[in-house]
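Think of it as A, B, C and D in the order they're written, each chain with its own count starting at 1.
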Amino acid sequence: MTTTLRDPTERATRETTFREALREAHREAMRRDERVFLMGEDVARYGGCFAVSLGLAEEFGEERVRDTPLSESGFTGAGIGAALGGLRPIVEIMTVNFSLLALDQILDNAATLRHMSGGQLSVPLVIRMTTGAGRQLAAQHSHSLEAYYAHIPGLTVISPATLEDARGMLWPALEDPDPVVLFEHGSLYNLAGELPVDPDPVDITSAAVRRSGTDVTLIGYGGTVPRALDAADLLARRGIDAEVVDLRVLRPLDDATILESVARTHRAVVVDEGWRSVGIAAEVSARIAEGALYELDAPVERVCGVEVPLPYPKHLEDAAVPQVDDVVAAARRAVGDDA
Amino acid sequence: MTPDQARAVLQEAIAHVVPGADLSGLAADADLRDAFELDSLDFVEVVEQLSGIVGFRIEDHEAESLRTVDSAARFLSARAPAR
Amino acid sequence: MTSTTADPTTGAGASGSATADPLAMLREMLLIRRFEEKCVELYSATKIRGFLHLCIGEEATAVGVLGALGPQDAVVSTYREHGHALARGVPPAEVMAELYGRATGCSRGRGGSMHLFDASRRFFGGNAIVGGGLPVAVGLALADAMRDRPVVTAVIFGDGAFAEGELHESANLAALWHLPVLFCCENNRYAMGTALAREHANTDLASRAAGYGMTAKTVDGMDVEAVRAATEEAVAAIRRGEGPVFLELRTYRFRAHSMYDSDRYRDKAEVAQFKENDPITGLTDRLVADGRLAPGDVERLEAEVAAEVEAAVTAAEAGPWEPVADLTRFVTTRPEDAGLGGPVRVDPGAEEGGAP
Amino acid sequence: MPSLGADMTEGTLLEWLVKPGDPVHRGDIVAVVDTTKSAVEVECFDDGVVESLVVEPGTKVPVGTVLATLEGPDGAPAEPAEDTGPAAAAAPTAAASPPPPPSHPHHLHHGGGPGRISPLARRLADELGVDLATVHGTGLHGVIRAEDVRAAAEAHPAAEAQPASPPAVGHDAQARALDMRHSIAALMTRSNTEIPHYHLTLTVDLHRTLEWIRERNVGLTMSERLVPAAALMRATALAATEVPELNGHWVDDAFRPSEHVDLGLILSLRTGGLLVPRIGAAEGLGAVAMMARVRDLTRRARGGRLRGSDLEPPSLTVSNLGDQGVESVAGVIYPPQVALVGFGAVSERPWAVDGMLGVRPLVTVTLAADHRATDGAIGSRFLKALDRALQDPASTMEQTEQQQKEQ
């Protein structure tokens, strides 16, 4: 018998996509904990509107991968009840726009029951929903309403932007004794890359520095993170060294990571597909103003969604949401690069 | 006006322009402009103050007599015999 | 599926109850009535604030339904739930302390009148969004169904909730998934001030529920024995795995929607007429008539109940306030939300999400 | 808090000269403010009644802070306060009403401009002991950023040698002297770094002018009496009118001529340091009027009672250091001005006149000029014009009728 010695730093990886990573996360969760089940519109036989759950019903049965009627409030509330009843439900809502039909359940029950009951009740529920523009789905399927949920005490709101997080965030979300809302940006499902076969666990408490830099901090989440990274590449060609912070967790915000980065670079550009007014970017900007004003060498820049319901034609949709060039321009303003 | 009175008047006028200026200890023939770093504007100011105190006009050419403590005292006591 | 209607005027339902102790039910209804009357007094004395919805006149539905449930069963209620909580066994002192907003209240004072919770008794509130508790009840039942537990979830709501989408989504889901849900519609004829006929094209709520594919019955909600009997029968059917049951409990509220209202929306004569059909005097009369109630029994019950209510008030008055420093406690289990009490620990192995 | 000079960012209110209920009129002196440079009187730019005094004496506040509020003369609506500063004189209505909502809020904060300082720059300046009033902003639209402060700190390491820069208690004389030293250091460094100077010298015979002064003084009261400096400044103002290329500012790589000759006068302070108050529209002043202004300015500067309008930027500066005996003064230009005229001592020296050697009162005039803005030919024209004015005092030193009318 022979033994092959392997370099311990060398890890087996495989090619995967954001969608497959999410699916693998569901598979792992349902294998690890029999209390976990998935329900939502067309998650079973159809395989999920965005094919995240494709094949899971065959593997785990239609009890645990459960198609629901088009009753967002009903099945989201049922997820809350099932969580109260000892299960660990994952509720999938097709898009964040549809989730407004369930907002009463999410706000008035999921987020509120623990407090309203004086700490007696716990709602360990994960609600997943698709968010964001970029697929010409027009004004009722494309908005970024993360801020609506990040506003609500009692919720944890997370937003994976990488394969690692798509693969890793679901499990800690299920372990959380409180409700977690997980946003999947529609433009990320086809994001491809390598992931370790046995990925490391990730947390759902911190922001992450995706690229280190010294001149300006680009802050994004979900779908805007790849755009911020692309912008950083373009800025590097101009000699501007941008740092990219991926918020990852929209509630509670990881102030420390944001402020530490801004304290290094002294300039911040917040990139948010949500509408500019009263949104995530506004909140991040406010926290920078509160916590790092005396580190700022330029006004905080926001690159946000234009305040318009998203239009259908590609050119208008593109114009309505932050693009790489917009991020580059904002970063150049921040560093005073007016050449 | 006695030389002592003249000195006192001079002291008052200069102190008005140069707060805290002190004539005592200044050599009798020391140039006031140098001693108190008076530029021409300061100097006309001193002359004007002096004129106000003694109550008579001091002409341009007379101002030349005010260059030192001694000459100023002489000029003043000559022009203002009694006070 | 069937919809049957009992004649409200004929008194007790035909089936009767095998296990119910009518004297105990009378005592329970008296306790609720006197408790609610005390609340009126305390509200007027500004000891209780906020909205206060009393169930005077509706005691029979509370006592009849909750008496038929076992401790393993779950209850989801509305904002007019003092009677439900008391009938579920939540101590009057804890309910009263909650109305006072004291830390000794059944929700630590954070909920108030509309949000009474008792996880240890599987009493899941106290939901003040009309219809908001219905999907939650479906989920509780789903959890039991998926884990093969012989448990019933009773969800109590009013005729107003029948107009909410959540009722219809929930009825459909429960019937579709064959879940152990007991829908208890307290039809007191008014959604706040809007009469039944002014809010529903078809006022036969039971028949409409039956349309979702579940057993639905109309019950005289002013007759506690009839309610008790109908509930026992429904619970038994649900436990046998026959799917959800809908009970329309026809009742009437004697007092205002909230503490005071002008009662412009209903005739005084109508109120007087329904008061003739008081569930407490109705039961008392029947028990006296057939000799189940001895002379002096009612007085004895009244004295006991009065003492219990007084003790509840005394205890509530003595209850401490939650310190303001604990304001943000119980928002989440995160340390920053857990207040001075430190992080609330949740046992991941807990059988239920409730009672961390 | 008015901006009493383009580079002022904050000031300490020293004293209120009015109290609530006092009626005030446009132009009244209502308060005394300490800049890093001097105590300056604050003028009111509106008529009204003092409603409330917002800022307590001894408080340091940023430029733009409301110092006090006024009620309109009719006592009705609360009208603008005297925080609006000199700018209000130019555009009182703009100061009186809130700015209109910008059509592109996105760009509002990029308005930048002199006086805008990033928070980090402000903090660094404090840490490094750099006087922000002397820092040149290189950010968009002239915003002062951290790197500008670092550059300024390197430019005068003396300041860095005092890392624990004492809190700038403006009315503390020592601290102020130190602040002023830093300001001068930074400004002069900037001048010598940025401005390619050229110097031209001309010696001028003053005997006609002095003769004219002697005669003129006979008819003047003591307090009106002329000194040669007044004539030299009058001549400078005339030359600047004749050669406007030297009268103005170098901004954004271009020369911007000034409408008037706002003559800066370098005054050295007995406590050390300099002030450069200005005489606005000096081209309209005859020697006598010039003298009155010089006298008033000097008196107030030394008394710590300069006004905001005294400290607005000059268009051309004069150094009369020669009064102290030096022969010539080749000066350093105050940016963004493009020239400085230095006069040496007036002294009797040999001078050839009509082929004969005589003794004449002479002054050496040295023009320092910015080569980016002008070439030597222009500088030479300026000196010639100045000389001409001094050779014909009878016709140049008095106000023209036109000028008298304008007064």
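Assume a residue touches a chain if its C-beta (ideal position, glycine included) is under 8 Å from a C-beta of that chain, and two chains touch if they have at least 3 such contacts.
The structure presented is a predicted model; accordingly, all values stated were derived computationally and were not measured.
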item	value
Chain closest to the middle, measuring from C-alpha centroids that were averaged per chain	A
Of all other chains, the one whose Cα centre sits farthest from chain D	C
Most extensive contact between chains (C-beta pair count)	A-C
Between chain B and chain D, centroid-to-centroid distance (C-alpha), Å	32
Rounded Å distance between chain A and chain B, as computed from the means of their C-alpha atoms	85
Centre-of-Cα separation between chain D and chain A, whole angstrom	58
Chain-chain contacts as defined at top	A-C, A-D, B-D
Interfacial residue positions of chain A with respect to chain D in the complex	266, 293-299, 333, 336, 338
Touching residues (chain side chain B, partner chain D) in the complex	17-19, 37, 39-45, 47-48, 51-52, 57-61
Touch list for chain D against partner chain B, complex	214, 217-218, 222-223, 225, 227-229, 270, 294-295, 298-299, 302, 320, 323-324
Touch list for chain C against partner chain A, complex	74, 76, 105-111, 115, 117-120, 124-127, 129, 132, 134-144, 146-147, 153, 165-166, 169-170, 172-173, 176, 328-334, 336-337, 344, 346, 348, 350-356
Footprint of chain C on chain A - complex, ascending	37, 63, 68-69, 71, 73-87, 89, 104-105, 108-109, 113-124, 153-156, 175-178, 252
